[in-house]
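Handing you this structure, nothing more for now.
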Amino acid sequence: MSPLIQEEPLTLDTFLRGIWKENPVFVTLLGTCPTLAVTNSATNAISMGLATLFVLLCSNVLVSLLRKSIPKQVRIASYIVLIASFVTVVDYAIQAISLEVYNALGAFIQLIVVNCIILGRAEAYASKQRVINTVVNSIGTGIGFTVALLCLGVVREVLGAGTLFGVPLFGERFQPWVLMVLPAGGFFVLAGWLLLIEFFKQRRERRALEQQGATVHGR
Amino acid sequence: MSTELPVQPIQAGSPSVSMIRSLGLVSLICGFSVAIAYQWTKPYVDENQRITTERAVRAVLPTAMQQKAFVLGASGIAPAAPDSPAESAVFVGYDGAGRIVGIAARGAARGYADLVQVMYAYQPACGCINAVKVVKMNETPGLGDKVIKDPDFLKNFEALDARPNAEGAALANPIVTVKHGTKRDAWQIDAISGATVTSKAIGRGLDQSAERLVPLIHRHIAALEAAGR
Amino acid sequence: MGDESLGFIFLNALVINNFVLAMFLGICPFLGVSAKMDTALNMGIATTFVMWISSLCAYAINLILVHLGIEFLRLISYIAVIASAVQLVEMVIKKYSPALFRALGIYLPLITTNCAVLGIAVFQTAKNYTLVQSVVYSLGAGGGFTLALVLMAGLREKLALARLPSVSQGAALTLMLAGLLSLAFMGFAGLGGSNG
């Protein structure tokens, strides 16, 4: 192991990082394919989020366990094979639990294997950190991903179908904004969230600058 | 990934051996987990499939007390197994006295996005289809998915003509989807205006399945009736 | 489904159910590489080539897996094949066009994690396409991917000179443009008739 790679201590930040500061969808823009594709309803969003969390956790734990035994040249290949196996396991598990969810998620269950989040975490974190850190960080990242999916799923389902988790909210006369559950709607809603987040981020930075300016000039 | 030459620290055992060993270990773990997961979940998956099919059959044959699945072959009927080909399986509904209340079968055809799968109920007595349920579809929300709810479209399936022809080898009149408002004959389906592709998919799915199964049903009707008693 | 004509399969993958704009596959490179026309075009062509090879190999592997009854290894074998195909393309490009290799940079190995490539393999298996249908499907999908990438690159190059609100720059803008493109592509519905 290279002496340059520090195994970091386990802190609350290890967990919270994946949810807010390094949210995989909103900050690092990874895993956008499933984020757009399966968020046409909140139920699908949660199912995909949980499935991805499971694969993320299991594969990263194994990568961390084996991190000292896998030589550098074959590491990507090994990670991918590990991830693919757990995706296959999740695929069968979802089929066994609920055929409806399975049909709704469709091919995107198998596409979890190319979700950049999982490979990215394995390469950047799990291969260098202890198992317990990896567990906490993976759960945090998985929750962050699920939260992001829910943000889109809830908006798209409520506006596009008038229901939430299948429960009708608005009564018979609500005209759903069908665009929201179409592919174009996915793009627009994600763009909307990114705009919102960027707006608040810039506002916070501007305020911090103003405060700094006030302190410096002694106003 | 492979563009830089890795600086190899000196380690015990040659690099190729450790590569093969670790790849072997990884493959072992993976193969093991996948095989276990497959074996363990297979009974649940099969059960889910069975329940879904049963529910669909009950939706089109609401008065049936029991259902029996058969595979219709050229020479006779046989009870259906879980791995029988879906296209030749029929689900016969019997009432409390063992009489046939209808025969359900599956049809599928490509719609706008993917396959549209239907379960329909055929009545041998009138030679017509009297119920159709969409089992699985991924059509455009707000457009294609009107086929599930639109009451005028569903009226098409109250007595859709699907009689066999005189030789008993095919349908007398193939089921066809026609433009909205131009339906004249009992074997035509009036498409939903604005959802033509999905409407036509349902028509094609029903036609392809009925062309194959209706002659077989009539040929083996005695055996199917006998199986109920 | 043996009742689809080759022309329909090609058109379907190209525009009607465009892989990027309708099926949400290949979004990561779509957001990342579509800033300049040249990179976009080259990336599209490289990806189409990988798709084509993966399609052939996936078909062959599927035959073997079905014959041996070990379909549960399908996903693992597909992704292994794709990773190898990408390595192959990398070596070929590096040898014959080092400039292109440098231009594509990190995005070339990232074709392995491009959902569209695995998507081809998974979909063609699910639809039970024959070998010829699979090849046509992969070429159509690659063409559709390249089309979406090139369209987006053209738009973004023009917009690079426009005054835009600072909150919207970057991914948010690309996503909004993608949404508009997706809406526009919905106009292709029904192209090719309702050929099954």
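Lettered A, B and C in written order, each chain numbered from 1.
Following the convention adopted for this analysis, a residue touches a chain if its C-beta (ideal position, glycine included) is under 8 Å from a C-beta of that chain, and two chains touch if they have at least 3 such contacts.
What you are looking at is a predicted structure, and each value in this text was computed from that prediction instead of being measured.
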- Furthest chain, CA centroid comparison against chain A: B
- Contact tally winner between A-C and A-B is A-C
- Averaging C-alpha coordinates per chain, one finds the centres of chain B and chain C separated by a number of Å equal to 30
- Message: Based only on mean CA positions, could you tell me how far chain A sits from chain C in angstrom?
- Response: 22
- chain A and chain B, separation of their C-alpha mean positions in angstrom: 34
- Contacts with two or more other chains, residues of chain A listed in rising order: 76-77, 81, 84-85, 88, 92, 182
- Query: Residue numbers in chain C touching 2 or more other chains?
  - Reply: 72-73, 76
- Item | Multi-partner residues of chain B (at least 2 other chains) | 1-2, 30-31, 34, 37-38, 140
- Note which residues of chain C are touching chain B in the complex, please. 1, 3-4, 17, 72-73, 76, 87, 90, 94, 109, 189-190, 194, 196
- Quick one: which bits of chain C touch chain A in the complex? Just the residue numbers, please. 21-28, 31, 72-73, 75-76, 79-80, 83, 110, 112-115, 117-119, 122-123, 126, 166-168, 170-173, 175-176, 178-180, 182-183, 186
- Item | Contact footprint of chain A on chain B as seen in their complex | 1-2, 6, 15, 18-19, 21-23, 25-27, 29-31, 33-34, 37-38, 40-42, 44-45, 48-49, 52, 136, 138, 140-143
- Query: So in the complex, which bits of chain B are touching chain C?
  - Reply: 1-3, 30-31, 34-35, 37-38, 109-110, 112-113, 115, 140, 196-197, 200-201, 204
- In the complex, chain A touches chain B at residues 40, 62, 66, 69-74, 76-78, 81-82, 84-86, 88-89, 92-93, 95-99, 103, 106, 160-161, 176, 178, 181-182
